[in-house]
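Sharing a structure below in structure tokens format, with a few things to ask.
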Amino acid sequence: MATAAHSVSVFGMIAGLIGVMALVAVNALFLIWMERKVSAHMQLRPGPMEVGWHGAIQTIADALKLLGKELITPRDVDKPVYLAAPIVIFLPVLVSFLVIPFSQNLIIRDMHVGVLLILSFAALTVLAILMAGWASNNKYAVFGAIRSVAQNVAYEIPLLITLMSVILMVGSFRLTDIVAAQNRIWFVFVQPVAFILYIICATAETNRAPFDLPEAESELVAGFHTEYSGMRFALFFLAEYTNMFIVAALATIFFLGGWRGPFLPGLVWFLIKVYAIIFLIMWFRWTFPRVRFDQLITLSWKILIPLALANLIVTAFVLKLV
Amino acid sequence: MSLLIATISFYLVVAATVVGAVIAVAARNIFHNVLGLALSLIGVAGLFLYLNSPFVALMQILIYVGAITIAICFAIMLSQPLYLPAPPRNPLKIQGAAFGAGLVFIFLGLLTRQTLWTPAAERVHDWSITTIGHYLLTQYVVIFELISLLLLVAMLGAIVTARGGRGGA
Amino acid sequence: MEKKTGEPLIHLGVLEEALNLARANSLWPMTFGLACCAIEMMAAGAARFDLDRFGAGVFRPSPRQCDLMIVAGTISKKMGPAVVRLYEQMPAPKWVIAMGNCAISGGPFFYPEMYAIVPGADLLIPVDVYVPGCPPRPEGLIEGILLLEEKITGRGRLRKFRNAAE
Amino acid sequence: MHKGWRLEIPEALTDFSYVLVFLVAAALFALGPLIIAHFIAPRSFGAARDEIYECGMPIIGGAWVQVAVIYYLFALLFLAFDVDVLFLFPVLLAYGKGYVWRDFIEITIFIGILSLVIVYAWCRGVFTWKRKPENL
Amino acid sequence: MPAFNQLNTYLYLAVILFCLGLYGVLSRRNLIAVLISVELMLNAASINFMAFNRFLAPHPAVGQIAALFIMAVAAAEAAIALSIIVALYRKLKSINIEQANELRG
Amino acid sequence: MLERGLEEKFYVLNLGPQHPSTHGVLRVELQMEGEFIVKADPDIGYGHRGHEHMAENRSYLQFLPNLGRVDYLHALAYNQCYCMAVEKLLELKVPERAEFIRVITCELNRIASHLLWIGAYLLDLGAFTPFLYCFDDRENILDLLDRVTGSRLTYCYYRFGGVPRDVDDDFLAGCKAFARRLRSRYRDYENLVNKNVIFLERTKGIGIISQEQCVKYGLTGPMVRGSGIPYDLRKCEPYSAYPLFDFDIPVGSTGDIYDRYMVRYREMEQSLRIIEQAVDKIPAGPIMAEKVPKRIKPAPGEVYTAVEAARGEFGIYLVSQGDTTPYRLKLRVPSFGNLSILPEIAVDTLVADLVAILGSIDVVVPEIDR
Amino acid sequence: MTSYVREILTGFYSLLAGMGVTIRYFVKPIVTVQYPREKLQMSPAYRGHTEFVLDPETKTHRCIACELCARTCPSQLIHLEGVKVGKKKLPSKYVIEYHLCSLCGLCVEVCPTQALQFSKEYRLAGYSRQDAVIDVFARMQAQQRRLGWPVTPIPEPQPEAEGEAEAKPKAAKAKAAAKKAEQPPEAEAAPAAPETPAAPAEEEKET
Amino acid sequence: MLLNELTQALSRLNLAQVAPGDYAKTGCHLEVEAAPAQMPEVARLMLEKGCFLESLTAVDFPEHFTLVYHFNHFRELCRTVVHARVPKEAEAPTISHIYPAANWYEREVYDLFGLKFAGHPDLRRILLPFEADFHPLRKKFAPSETPADA
């Protein structure tokens, strides 16, 4: 343990890097396709059909097209910040994959501060959104950004606190430890309230409907990326979908027993669970109207945070009893 | 080899810290100042890693970048009509500040150089987060509780002040 | 109306074709309706016809993220400048479909004394495909999009579909 | 494995090297397509191309406008709770390792005091959005 | 010994940061910029704590707790300071130090 | 325009003309303070097509197709009103079967309009899926109407003195089948929308319009009915065959967005009732009045007719000077009056509420602009 | 406190109910008509652009170039030229600028001989405005060709040689049509059907 | 009954004509002729009786404009049409302070006919572009031959 932890395997690092990049790209392509298919079928239509089998390469076409799109930099933007934002938003995304255990052994770096790494780097996402909106010098973008940030910070608290309930039970920040602690029973059964809260917060953190205020089309056009075109916009998109994967992976690890499951290999179970959670989040999106912004914020402060705190204290109390 | 990578990374981190700090104090656009601060703080987090404390490093990012810079940004948007051109700078003041800061720099630099630091005689090598928690629950429990009190008071004060005091503006 | 787009910095033969193929299959239209025809445009995106099958169902509200402007409806004189502005704010490569008779030539509203409308989108912006009808059926719009694909790639599935449909 | 491939540096630092490499890689990963796009994308012209988009109208006034106080207040509340979380993290790891009752009470007090922030904000109507709150 | 393994490196860095912050405090007229500079100075202190903790302190938890404590204080300070700035701005429609000085009168 | 008197802390936000939630080309200039609206100034005319000017330059008959394009969502009511106006001038009597056909098609069209509104409105509120369900139902109506009128949207179906094309039994059976189908969908709409807590939170108590405001602003249609005034021209000023049918006027109580939504929602059911009764009772007979003059050249005079369109009272004020073209034709469109209240009720709301309120007014912009 | 909890619970339940609806639709079959692959049956009354009715008896159009339709049309988009062939008038050119049409149906209704009908054509997209200008006459010829019927040529102006000027138009028309049917199709005289991909090259059937 | 009430009240106002209308022919129950200057008075009275402004428009007759106001009542059908002749180049008093609904209608009349309303708070074009220099519903209006100058 000691030697392994204290050394860098360059091969491992590079392999992990390539793997993660491939995963990010493929995942985003797949998720967008899935989103379009899921939404379509909920709406009694087939969704992408003509580009590839059942539209299978639709998103590849989209990606290629975006690659060949002009990058417009409007005149009045705050140029350095405007250009940096799409890159900054991408940084935390990749880093988060460092510590996610896809299966027993498939983990790039099992850090003892695993959760904290993901959570703290999420702060960069917030910053990037603020940068994007601010630099665009567009009222819709500024508002989208401010809302997005306010929303992100409002839901980060209950998210952290719900995760804490689990951490309290496990006593470790290491993601593999958390999975290992669920060898008898998944935490979703022990901590149902925390799970529900987590899903709500995760939906909000990834700016998905019904909490997609920052991109609320009916008010703010396209939110903080209103002024971004082509590949820059694609990067925001990519980050958004990858973030979805990350929050779903966290949900899987914290509540659904990670890679555990009978018969199939761990990786498969892990992906099944992750995509099931993502399906759930998509399902929300295509069912609900959007909440109003003040309602969104107050929901967090008035309901979610008190509930999460209560849940934490009850957990602490119960832990004391047993 | 290992040393090389570690050293390069170290200089990267130092560069981030210093460059960020320079932007933070020198850029004309206040928003760039904040971003510079964020960069600098991330650099400092990197330094903390070199100082063997990943926990504090991550918390540094979480708190400073995730919360304090955001609060500052909001305060800026609340108080600064940014579309107005920035007021001209006072060269005298800048020179004075540079001079003063330079003096302090020389003094502190010399101080650092001259002092002979002695390590503690006996050192424990337990860096785990649990220990920090344990200390917070036992030895520093007063601080721990005081912090919550401090935050409470600070928030009450902040809310009252920001909303323009009791009874209305 | 000449096209307001220029050439890329470098040309890469095969890649260009792949790109065009991708572009043709991923035409994101702008959420932009002017009058009655916009309803049929919405209908074309709805369950019965589902533009998304061709990858053209991602309606983006911001022109910065669109490839296709479907001018669906009457362009009034007051709206004209906005149409031009929106078109110019779209990043290249970009295309325009004039949907409905109004967008083609002023349609039912065109007569010599008319003071209020711009008789045809092509007087303002370069139009690639014209879909006549008042309003065109959603099928008509789909035809228009397939035709545009043909225009972009130089080959298309439209004829194939047509033959198959006969 | 060959010794040259293994770096013997402290644990925190090895972790960090991963993070750094990933950060750099992410930046490159993001930068690459942008550069490619720069070369292969056609250009467009037009007077309005570089103007800020605002629903097809010329913009009126700048975008860097003054936002509502309420956002700032929420940022403050967040700040408080973030710090709270910061201390809870280590404490929770240590929870139950010593005297559990004492730990429990301490944590409850800590959370309780912080919850007063919400209670106060709630009472002051921070969560009720009004254009001109009575006591603003 | 590599640079990152020496106490003095960190101390010098802290000094640089501190002096940059000081320069900012002295030179800027914008109150928020001043606050930003103060944050820098606080961070310099943090670095010092952590460095001493790493190289000199008997128990490594102490310095870390001190660093955490500084963060908490910085947060509280930022909250109060920003609120004051916001309130000031409302009164004066400006957040320049010079104008703020008028408040004394 | 708003620059005058713009305070420093206010700023101007443009909503439209190209904006996803202004339903076409409405532009609202918002003066904002933070998130709140200080002043909303609708800027209309982006869809101005000069209908009234055209009316003075075209013969009575040639103006017919325009009516389907004023309010393209409830085109048949507009057809009806114009035909009524000219019929009044010419003193034509429309045969009963034609009136029944008019009622059936007009009510079908009303349901289609309401369905589209519900869908688009939920889209404004951010729910995408109900929009497609509504469109799915609407397509069924369009199929039916397509059978008799030949178009899907901009109908030009009624003629002076009747209708040009008779309906067949398939159509009548189709109407009944559609009524069954729509009823079976109600439960889904209720679960998906009407009871949804987010929807309720977004609509209850917002955009309240009092009865005095209704009078002062001359609102009509679901706007006044939402505020509790049972003003429905089909009952108040019965025209066509409406007196023969039994139906209710749904009214709201508080006049908020939710009430307006519910009024429209419940109106669909009433329309279904009318359709079913009409289908059951439809008499045989001619579908055109006997002596419709070839050249329509009414005697000098003026007439005002009004019908209850989906958005409210649509009136036509027609002045004839004994020519083949109208001397003056004024289209009194419901959305014009309805929208004019926006500046008043939008003050002190959030942009999100403004979008919701704007949606609840149910504007069809080219109708306002004419 | 209880109302607080109750609100949360009912709200939560209502959300679940909504999700129940969408998931039910998720597994329902789709309603989409996958257009170019499948086609919707056009309703019998459907209004495409106007075209000539092909009289199954005379195997040609019934138009007498009376120009009523052109005068009635609100948009004045019918460009019609008639020539005197013998004592009756026949259209030598019947072009509609379809892009101005409002599909009102007035021309169809006003025609004294019911010579016009609405086509079922809706696939008209083209690359230029001109693609929306439809030569109704040529279109009819193309239809005749496809049906294997004799193709009506564009009539040449002929002087009134026979001198039966007073004949009733209907009888004359029938005769003329019969005569025309005997004439060999003059392929070169008939303009080729428009070849733009969107042009109505393949018409299904006349209903 | 509202009709009688209105007739009586209006008769007191000294108007040029207050006569019952032929509802079957014109769709109006009460026909009133008033001088433009009397309009605010009439409007105030109508508001008092709870009538709403159904429509307001103008007709461009060769010698004068006629402003046509339609009032109606929500509870009881009673359409009152008021005609007010305004000489060309004269201004009519606004009633928008009484009926806010008139605000937009008057702007529209101004926009389409060029008929000004004295005392209107915000008399600018409403349908046409602000820079337009013509009033299309005037009978002698002929649009300039620039279809594509937008």
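Lettered A, B, C, D, E, F, G and H in written order, each chain numbered from 1.
Here, a residue touches a chain if its C-beta (ideal position, glycine included) is under 8 Å from a C-beta of that chain, and two chains touch if they have at least 3 such contacts.
Source: prediction; values computed, not measured.
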TODO: Could you work out how many touching-chain steps separate subunit C from subunit E at minimum?
DONE: 2
Task: Shortest contact path, subunit D to subunit F, counted in steps - done: 1
Open item on the list: Of the pairs A-F and C-H, which shows more C-beta pairs in contact?
Closed with: A-F
Open item on the list: Using mean CA coordinates as chain centres, what's the gap between subunit A and subunit E in Å?
Closed with: 33
Task: Chain centre separation in whole Å, for subunit E relative to subunit B (CA means) - done: 5
Task: Averaged-CA centre spacing for the pair subunit G and subunit E, given as whole angstrom - done: 79
Open item on the list: On a C-alpha centroid basis, what's the spacing between subunit B and subunit F, in Å?
Closed with: 61
Task: Multi-partner residues of subunit D (at least 2 other chains) - done: 6-10, 15, 17, 38, 40-44, 49, 51, 53-57, 59, 61-62, 64-72, 75-80, 82-83, 85-87, 89, 92-93, 95, 103, 111, 121, 129
- [ ] Pull out every residue in subunit A that's touching 2 or more other chains.
- [x] 8, 40, 42-46, 49, 67-72, 111, 113, 116-117, 134, 139, 142-143, 146, 149, 153, 156, 171, 173, 217, 221, 226-227, 230, 286-288, 294
Open item on the list: Going by the contact rule already set, what residues in subunit F reach two or more other chains?
Closed with: 8, 11, 14, 17-20, 35, 45, 48, 50, 53, 58, 65-66, 69, 129, 132-133, 136, 139, 154, 192-193, 196, 198, 350, 369
- [ ] State which pairs of chains touch, listing all of them.
- [x] A-B, A-C, A-D, A-F, A-G, B-D, B-E, C-D, C-F, C-G, C-H, D-E, D-F, F-G, F-H
TODO: Write out the stretch or stretches of subunit C touching subunit D in their complex.
DONE: 4-10, 12, 15-16, 19, 62-64, 82-94
Open item on the list: For the complex, give me every residue of subunit A touching subunit G.
Closed with: 38, 40-46, 49, 283-284, 286-288, 303
Task: Touching residues (chain side subunit G, partner subunit F) in the complex - done: 10-12, 14-15, 17-18, 20-22, 24-25, 31, 43-47, 72-74, 102-106, 109, 118
TODO: Give every residue of subunit F touching subunit D within the complex, in rising order.
DONE: 2-3, 6, 9, 11-12, 14-19, 27, 29, 32-36, 348, 350
Open item on the list: List the residues on subunit H that touch subunit F in their complex, please.
Closed with: 24-28, 47, 50-55, 57, 59-60, 68, 70, 74-75, 77, 79, 81, 99-101, 103-105, 108, 112, 124-130, 136-137, 139
